[in-house]
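The two complexes that follow have subunit A in common; it is paired with subunit B in the first and with subunit C in the second.
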Partner chain A sequence: MSPRIALFSHYRRHPLQLAALAAMILLASALWTGIHHLTSQARTSLEQSERAVAERQQSVREDGNPVSVQDFVNLRRQGLCVMPWLEVPVPGRGRLVGIDPLAAHCFAEPGHTPAPWQGELDGKPFVDISEAAAQASAEASALVLLVSQADGQSPPPAGYRYQAFAVAPDTAELGDSFLLNLDALGVLVLLITSLLLRSVFLLGLAQRRESLALLYRYGVNRSQLSRLLLVENLLLALVCILPGVWLGRALSLVLADGFGQALEGLFDRLLYAGGGEDWWLPTLTMVAVIVAACLAGVRDSSGSLLTRVQPAFFAVLLALGLAVSLWAPTLIWLFLAVALVFLAAGWLAPLAIAGVVRWLARNTGDPLIRWRLQEVAVLVRRLALPLVALQFALALVLAVHALVTTFEDTFDQWLGQRLEADYYIEVPQGADITAAVSWLAAKPELVSPELWHQVIRGRASVQTASGREPVPVDVFALGPVSHLVQNWRLLAQTETPWQALARGEGLMVNEQLARRQQLAVGDRLIVRLGARRLQAPVLAVYPDYGRPSGEVLVPASLLPEDFEARFRSLSISAGIEEIKVVEAQLARLWHTPQLTVRDNQAIRTLATDVFDQTFLLTRAMTTLTLILAAAALLLMVWVFLSTRAWYFRLLIVWGMPQRQAATQLTRVSLALIFAVLVCALPLGVWLTWILVQRINPLAFGWSLPMAVYPGFWIELAVLALIIGLSIALLMRLQLRRPASAPESAHGLQGGER
Partner chain B sequence: MADNLISVTGLSKQFESGDQHVTVLRELSVHLGRGESLALTGPSGSGKSTLLNVLCGLESPGSGRLAMLGQPLAGDGAPTGKALERTWCELRQSRLGVVFQDANLMPTLSLLDNIRLRARLAGRDDTSAGDWLQRLGIGELGQRYPDQVSGGQRQRAALAMVFVTRPALILADEPTGSLDRRTAETVADELFELQARHGCGLVLATHDADLAARCLHQLDLGHQGGP
Partner chain C sequence: MNRFVIVLLALLLTACDRAEEPSGFAGLAGVAESEHEIQFLQPGPGDRLSFPADFGPHPQHRIEWWYLTANLETENGRPLGLQWTQFRQALTPRSVESEPPKPTLWPLEAAWMAHAAVSYSGQHRFAEKLARGDVGHAGATAQPFSVWLDHWHLRPASGHVGWRLSVATEHWSYDLLLQPQGDPVAHGDDGFSAKSASGEGSMYFSLVDLKIEGTVTLEGDTLRVAGTGWFDREWSSQFLKAGQQGWDWFALHLDSGDKLMLFQLRETQQAFRSGTWIPATGEPVALGPEQIGLTSVGQPAGYPRRWQITLPAFDVNLEVSAPAGDYRNSGLYPYWESPVSVTGSHSGVGYMELTGYRAQ
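And then the complex of A and B:
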C-alpha cells in the first residue's frame, strides 16, 4: 500500500467528514466569490458613473425651460458640439440612457480614458438615442445637452447658459464608505472560513494520527508526510473551489440586479454592467487560505500551542490593538489594530472561558455541578477553533447589524432632514423668488408660516479667524428658518442655535468642514458671500453624509443682493389641496406653464425600500457565515462527542434517568454557547465602533453615530440557544447509542479532562 | 425467589446488524442467591459483556424472563415503558454496582469527586468517600485525576465508587483485564474481600481461569452462545 493510498483511505472510512470539508470549502468559496464579485462590480460601476459625468457641462436655456430637440438643432447649427443625453426610466431595470454616438466623437479627449458611453451601446445603460426615444414617456424622461470640454471654454450662444452637469447629488462617498465596509466584512468572512477549514482539517489529522505515526514508522519521513497532506488538500481545494467560485458568481449574478438597483437608488448613480469579471482572484485567494489554514503548524495539531503561549502575551496584544485602534492615523493602522484585536480575542476567549469555568468548578461543593463545569472546559479546549469562528461570526453579525441599522437610520434621518417638507418646488432660473416669498408670507391661512422656507444654494469662501487661507465651500441659505429644519440632528451646538440663526447671529457648518478646519462651536468664521464679507460664530455642526464638500448654513437674510444662486427651491409642508393652490399661484407669478413639484414622501419611501434591499444582501451574507460557523461547530461536536459518549453514558450506568442525563448535557452545551456569545458581544460592539466611528472619519471625513441595539442581542441569544440545543440534541443521540469503552483511557483524546 | 439476586430463565438475545441476525445468548438460565458469586467465562465474542449489560438494564433482553433482586424486569409481571426504565434506574442508582475494564471514572473529576458524585447519585452520604479511598489504600490520591494515577489505582477507585453505594449486587466486566498480573491479583483480592464482607452478590466476566475459579459458580458462555 503506497503512503498516498494509506492517507486517502482515511476519508474512505469517513466519507461524511470528507463531504463536510468539501462542502465547507465550496460554500466558503461561493460566499467569498459572491461578495468579492458584487463589491468589485459595484465599485467599478460607481467609478465609471463618476467618470461619465465628471466635470461635464450642460447647456441650458436662459429662460429656465427644459431643453428640447429644437434646442439641440439650434446649438448644432451654431457649430457647437453638443451631445443629447436622454434618460429614460425602465420599470424593473433601472434606467436607460440614450446618447448620440456621432456627437460623442467630439467628446473624445486624446490621452484620456474614454468615458463609458464612448464604448458599445449595449443597453447597460447606454443605447442609441433613437432606441431610448422610442421608450421615453414624456413626463418621466429627461433630455440633457452635454457640451464638449472645448466648447465649454468659450461663451455660450445667446439665450443659453452652461452649467455643471450632475445626474444627482454627489453621494459617491457614501457609496465608497459602504463598499469599504463591505470589503472589511469580506475579509472577516475569509478569516472565519479559514478558521473553520483549519478546525475540520485538524480534526481529520487528529483522527489520522495513528496512521500517520504508522507511516512515519514505515520510513516515510516528515517532509514527505507534509507534502502528501499538502497535495491532498490542494486536490480537495481545487475540486471544490472551482465549483464554489462558479456558484458564487452565479449567486452574485442573481443578486446583482437587485444589488445594482439598490445601489443605484441608494446613491442615485447610474450603474454600469461589466467589471468584476475576474474569477482568478477569488480562486487564488481561496487556495491561499486553504493552504495556510491546513499547513500552518501541522505538527501542532494537538492544540498544545494554546497552553504554551502565555495568555499574558495575548492580553498585551489585545491592549496594544485597542490602543492602536484609538490612535490610528490611517486606515492601514486601523486594519492592523483590527487584526491584532481579533487575533488576541480569538486566542484569549477559549482560555478565559476555560479559566472562569475552572474557577467556578473549584468553588462549588456539588460534584455534579463541578462535573458540568469541567465538561464545559474540556469542550472549550477541544473545540476552540470552531468556537472562536462562531465567536467571530457572532461578532460580525452583530457589527453588521449595527452598521446597517445605523446606516439606515442615519441615511433615513439625513434624508428626512433634507426632505422634511412634504413638497419641494424648484424655482426656475430667472424667476422672482422674492415675490413668491412675500406672497407665501401673506397667506398664513394657506401655508402655516412655520412650515415653509426657501433654499438658496451657491458658493462662498470661508476663512477662520486665525487667518488661514480662505477655502471654497457650498452655501446653503434658508429663509425663513422654519420649523422644518429645526429637527435636524446636530453634532454640536450652542443653546438655541436655530433661534440664533434666524436672528442672523451666526451660522452652522457641516461635519466635513468642521473636521477639516478643526472648527468647534463658538469659533468665528469669515465668510465671503459674493461681495459681502461677514464675520460670524459657529452656532452648530450638522452631519451631512455622502459629500466631500464643506458647507455653511446661513439665513437667507444675510445673502447680499448680488449673490449668485446656483439653485433655488421652496420647501413647503401643506395639504394636497393647499399645495395645488400654491402651485397655481407660483406658476402665474413666474410665468411658467409647469412647475417641478416633488412629493418628498414618495422619494423617502423609495429610498427606504432600496435600502432594505441593499442590506438584505449584507445581512444574508453575514447570516450565511454564521450558519457556516454553526454547521462546522456541530460537525466538530459530533465527531468529538462520539469519542466522549462513553463518559456521558456513565451517568446512565450510575442510574441517572435518560431525561435527567440529557438535561445535564443540555446545560453543558448551553453554558458553552452562551459563554461564546458573551465573548462575542464586546468584540461585536467594538467592531461596530471601528466601522462607524473610526473607518468612516479616516476614510471620508464624517462619522456615523455609534449605536448598540440590545434588541438584536436577544435575537442572537435566541440563535445561540438554537445552536446550543442542537449540540444538546447531538449529545442526547450519543446517550442513546450503545457506546463502546475507549480502547485505552485516552483513546482519541476522549478521556481528556 | 425473593432470595434470588438474579433470576434469568430462557433468556435469548439477538443483535441485528444489517439484515443479519446474530444470536448472542440462547435460552440462557442463570440464578444467583444473596452473597453468591458467579464467573462468566468464554472466548471473546461469546456474549459475556452482553449478558452483563442485560443484567444492568443497559441492553434490553430479547426474550425470556428476568428478575433482579426480586423485581421482575422482563417476562410475566414486568413493567413496561417508563415504569421499566424507572425501575432499572433505581436499581442502578443504589442496588447494582457496575465495574468495567477501564474508564469507570469521569476524567474531569478527581478520584474523590468521582466517588462523591457516585454517592450523591445513589442518594448516599458522600462524606464517606474519603474513607473508601483510604480503605482501598489510595487515600492520599483523592485529589488526583484519573489520568494521573496508575491503572490499578484507577480500578481501586472504581471499586470504592461501587462500594460507596452499598450495592446488593456487583456486575464486573473484566475488572482486572487491563492490569498486570500482580496488580490484577491485589485488585481481585480487594474485590472478593469487600464482596464477602458486605455480603453482596457478584457477577464477574473474565478470561482469567484463576479468577473464575475463585467464584462460587462458573458459567461458560462459549458452550451455549455463538451463532
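And then the complex of A and C:
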C-alpha cells in the first residue's frame, strides 16, 4: 500500500470526520463569499445612493419664467438630451417625483451604474411622469428639465441657461469613509475565515495523529507527509469550495433580499438583478487561504497549541498594538496595530479563560464545580481556534452595529446640519439680498426672527496668531444667527458660543480646520475676508462630516462689502401658507417670476430612504459572519465531543443521574460561551473606536462620534446563550450514545483528564 | 436604464398579450385586444390603402413604422448603406377623430422609437432614440408629410420636390434629399400583407425607387453621397402570429431595373413566405409562398450572411450576401440590418433585415 493510500484510508474508516472537514471548508467558503457579495452590494448601493443625490445640471429659461412642456419639446427638438423631473407634493406621503424613462434613455452612459430613478418606478419616490402629472396642481408642482452630463458641458441653446440641481447635499467623503470601513471589515472577516480553516486543518491532523505517526515509523519522512496532506487538503478544497461559493451567494441573496423586502427599499430589485458574475474572486481567495492555512505548518498539529507560547509575549504584543493604535500617524500603522491587537487578543483570550478557570478550580471545594471548570479549560484548549473565530465574529458584529448606528445618526445630523430650515430659497444672481433681509426682519408676524437667516458662502484665508502660513478655507456666514443652527452638536465650545458669535465676538471652525491647524477653543485666528483682516478667537469647533475642506463660520455682519459671495440663500422655517407669501414677495423684490425654493423635509426623506439600504446590507453582512462562525463552532464541537463522549459518560458510570449529568454539561457549555463573549466585548468596543475615531481622522480629517450601545450587548448575550445551549444539546446527544475510551487516551483524541 | 425601458416597452408591446402565448420578436405577435372602449383595429383582406392619409399615423393600430434603407455611393464610388426608421407603439388605441391628450399631462398612450444606422467601409454605426407620444417631441403627420423624433426628422424639402431627412448623433450625421420615383407599390392583397397562413398581417406599401443625394458626416469627415433608396410604410395591431420567432426580409434593386421585396416569417418547423416582384415595366406581382425559394447558405448558427433566392416563375436565381462586418443594430431589440450585394441570374444591391436570431 502506498503512503498516499495509507494516508487517505483514514477517512475510509472515519467517513464522519471527512464529512465534517468538508462541511467546514464549505461553510468557510460560504462565509467569505457571502461577505464579499454583500460588501459588493453595499458598495453598489452606496454608489447608487450617491448618484441619486449627486448634483446635476438643469436647463432654465433666461427670462426667469418657469420651464414648461413646450420648453422640453423645444430643447429636445434642438437635439439637447433633457429629461423632465416633476415634483409633486402628496399630502401624507411626502412627495412624488415623476420622470420620463423614455426621455431619460439618452442619459444612459455606458459602463456607469444606473441612477436609482433609472430603476423601477414604484412611487418611492419615483413614478412615471404621467402619474405625477395627474396628481399635480399648478401652484404646488415644480417641473425641472435635467440636462445630461455630456450636453451640460456645451453652451446652452439661446434663451436658456444651465444651473445646478441637486436633490440633496453632496455626501462627499461621508460615502468614501463608509466604503473604507467596509473594506476594513472585509479583511477582518477574511481573518475569521482563515481561523476557521486553520482549525479544520489542525483538527484533521489531530484526528489522524496515530496514522501519521505509524507512517513516519514506516519510513515516510515528514516533508513527504506534509506534501501529501497539502494535496489532500487542496483536493478536498476544490471539491468543497464551489458549492460553498454557491451557498454563500445564495445566503447573501436571501439575507439581503429579505431585508430589502422588509424595507421595500428603493433599490432592491435593481440591486439583486445583475449579481450573476464574480465567482472567481471568492474562489481564488478561498484557495489561497486554504493553501496558507495548510502551509502554516504541520508542527503545530501536536496539539499543544497553547502550552508552548508565552503569555507574556502576547501581552507585550497587545500593549504594543494598543500603543501603536493611539500613536499611528498613517493608516498603514493603524492597520498594523489592528493586526497586532487581534493576533494578541486571539492568543491571549483562550489562555486567559483557561488560566482563570484553573485558578477558580483550585480555589473551590466543590468537586462538581471543580470538574466543570476543568472541563471548560479542556474545551478552551481543544477548541481554541473556532472559539477565537467566534470571539472575533462577536467583536466584529458589535463594532459594525456601533459603526452603522453611528453612521445613521451622523447621517441624520449631517442632513440636519445642512437642511436646518424647512425651506431654502436661492438668491438669484445679481439680486439684492439686503432688501429681502430688511423685509423679512420687518415681518416677524410672518416668519419668527429666530427661524430664518441668510447664508453666504465664499472663500477666505486663515492664519493662526502664532504666525503660521495662511491657509485657504471655506467661509460660511450667517445673519442673523437664528435658532435654526443653535442646536448643532459642538465638539468644543466656550460658555455661550452662539450668543458671542451673534455679537461678532469670535468665530467657529469646523473639525477639519481645527485638526489640521491644531486649533482649540480660545485660540486667536487672523481671517482675511476680502479686503478685511479680522482677528478673532475660536468660540467653538463644530463637526462637519464629509467635507474635505476647512471652514470658518462667521456672522454675516463681519463680512466686508467687497466679499465675493459664491452662493447666497435664505433658510426659512415657516408654514406652507407663509412660505408662499414670502416667495411671492421675494419674487417681486428681486423682479423674477420664479424662485428656486427647496423643501428640505422632502429632501431629507429622500436622502434617508436612499441610504437606508446600504446600512441594512452592512448589518446583513455581519449577521452572516456570526451565523456561520457559530455554525462552524458547533461543527467543531460535534467532532471533538464525539471523541470525548466516553469521558462524559464516566459521570453516569460513577453514579450521577443522566439528567443531572446533562445539566452539568449545559453549565460547562454556557460558561465556555460566556467567557468568549466577555473576551469579545472589549475587543469589539476597541474596534468600534478604531473605526470611528482613528480610521476616519487619518483618512479624511474628521471623526465620527464614538458611542457604545449596551442594549445591543444584551442582544449578543442572548445570541451567545443560544449558541451555548446548542453546544449543550450536542453534548447531551453525545451522552446518550454508547462510547468507549480511546485506545490511547491522549489529549488530542479527547482523552485528556 | 435600458432595462427599465425594455420593461416599459415590453409592457407596451405586450400590453394585450395572452400570457400563455409567446409574443414573438419585440412582442410583435401580441394580440390586439384592448380594455378600452375603442378597440385596436386589425388589418384584414379587403382593407385598402388611402393616400396621402396612410403616410401619416394610424392611432387605432398598435404598431407602425416608417422605414428607409438606402444603397448609396460616395463620390469616389465606395458603397455606403444607410437606414432610418421610426416606430410608433400604442398602449391605448385612439380613433383618428379623437383629440389627443394634453401635453401637460405627459400622457403615456404611445411610445416612439427611432433608429438610424450608417454602414461604411465595414463599420456599422447605429443610434437609437425613444420618446413618449403626444408630448410634441415625437410624432408624424400625413399633410405635410413629416415624421420626427427630437432633432431627427423627415419633412418636405424646401425648394425641392421630395423630402429632406436629417439625423445627427454625437459622432456622425446625415442630411439627405429624397425624391420618390413612381407611385407607391401595394404589397399583398392591395396593401394587406399576410404574415401567416391563419390571417395575421399588416397594411404595407413601399416607395421602391427613391433618388437620394446628400451628405454623410462620419467623425467630422463629410462625404457627398448619392444612390437609391427604398421606403416602407407598414402598420398593424397584431403583426406576427404567436409562435413566429422572427423574420428575414429583403428589398433588392436589380440592375435590370426590376425590384424585389420578399420576406419569410420563421416558425419552429416551417416558414411563411411572401413577397412582391416589381418588374421594370408592368404591374407588380404578389408572390405566394409556393413561388419563393429562400434558403440561407453555409452558416449553421447566428445571423446568416448569405442567402439563395429563387423565383422559378420569373427565372430568378440570386445569391445575396452581406459585406464583411457586424451589422447588428444593438438597441433595445437587437437585429441585423445590412446592405447586400446580389449576384446570380441578376446583379444588384439591396438591404437585408434579420430578426430573432441568437448572435454568435
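Rule of thumb we're sticking to: the second predicted complex is superposed on the first by the 517 of 753 C-alpha atoms of A that agree within 3 Å, B and C clash if a C-alpha of one lies under 4 Å from a C-alpha of the other, contacts with A are read in each partner's own complex, and residues count from 1 in each chain.
Keep in mind that, in the parts below, a contact is a pair of C-beta atoms (placed from the backbone, for glycine too) under 8 Å apart; a residue touches a chain by one contact, two chains touch by 3 or more.
Computed from a prediction, not measured in an experiment: that's the story for all the values here.
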{"item": "Contacts of A:Ser130 with subunit B and subunit C, given as first, second, both or neither", "value": "second"}
{"item": "Touching partner for A:Arg217 - first (subunit B), second (subunit C), both, neither", "value": "neither"}
{"item": "Touched partner set for A:Gln78, first subunit B, second subunit C, both or neither", "value": "second"}
{"item": "Partner chain(s) touched by A:Ala377 [first = subunit B, second = subunit C, both, neither]", "value": "first"}
{"item": "Partner chain(s) touched by A:Phe107 [first = subunit B, second = subunit C, both, neither]", "value": "second"}
{"item": "Touching partner for A:Arg12 - first (subunit B), second (subunit C), both, neither", "value": "neither"}
{"item": "List of subunit C residues in touch with subunit A within their complex", "value": "1-5, 8, 103-108, 111, 128-132, 135-137, 148, 150-151, 168, 170"}
{"item": "For the subunit A and subunit C complex, residues of the former touching the latter", "value": "68-70, 72-73, 76-79, 84, 86, 98, 100-108, 114, 118-121, 128-130, 132-134, 150, 273"}
{"item": "Of all residues in subunit B, those that touch subunit A in their complex", "value": "56, 58-59, 85-86, 89-94, 96, 98, 100-104, 106-109, 113-114, 116-118, 120-122, 126, 145-147, 151, 154"}
{"item": "Residue numbers on subunit A that touch subunit B, as the complex places them", "value": "366-368, 370-371, 374-375, 377-378, 646-647, 649-658, 738, 741-742, 744-746, 751-753"}
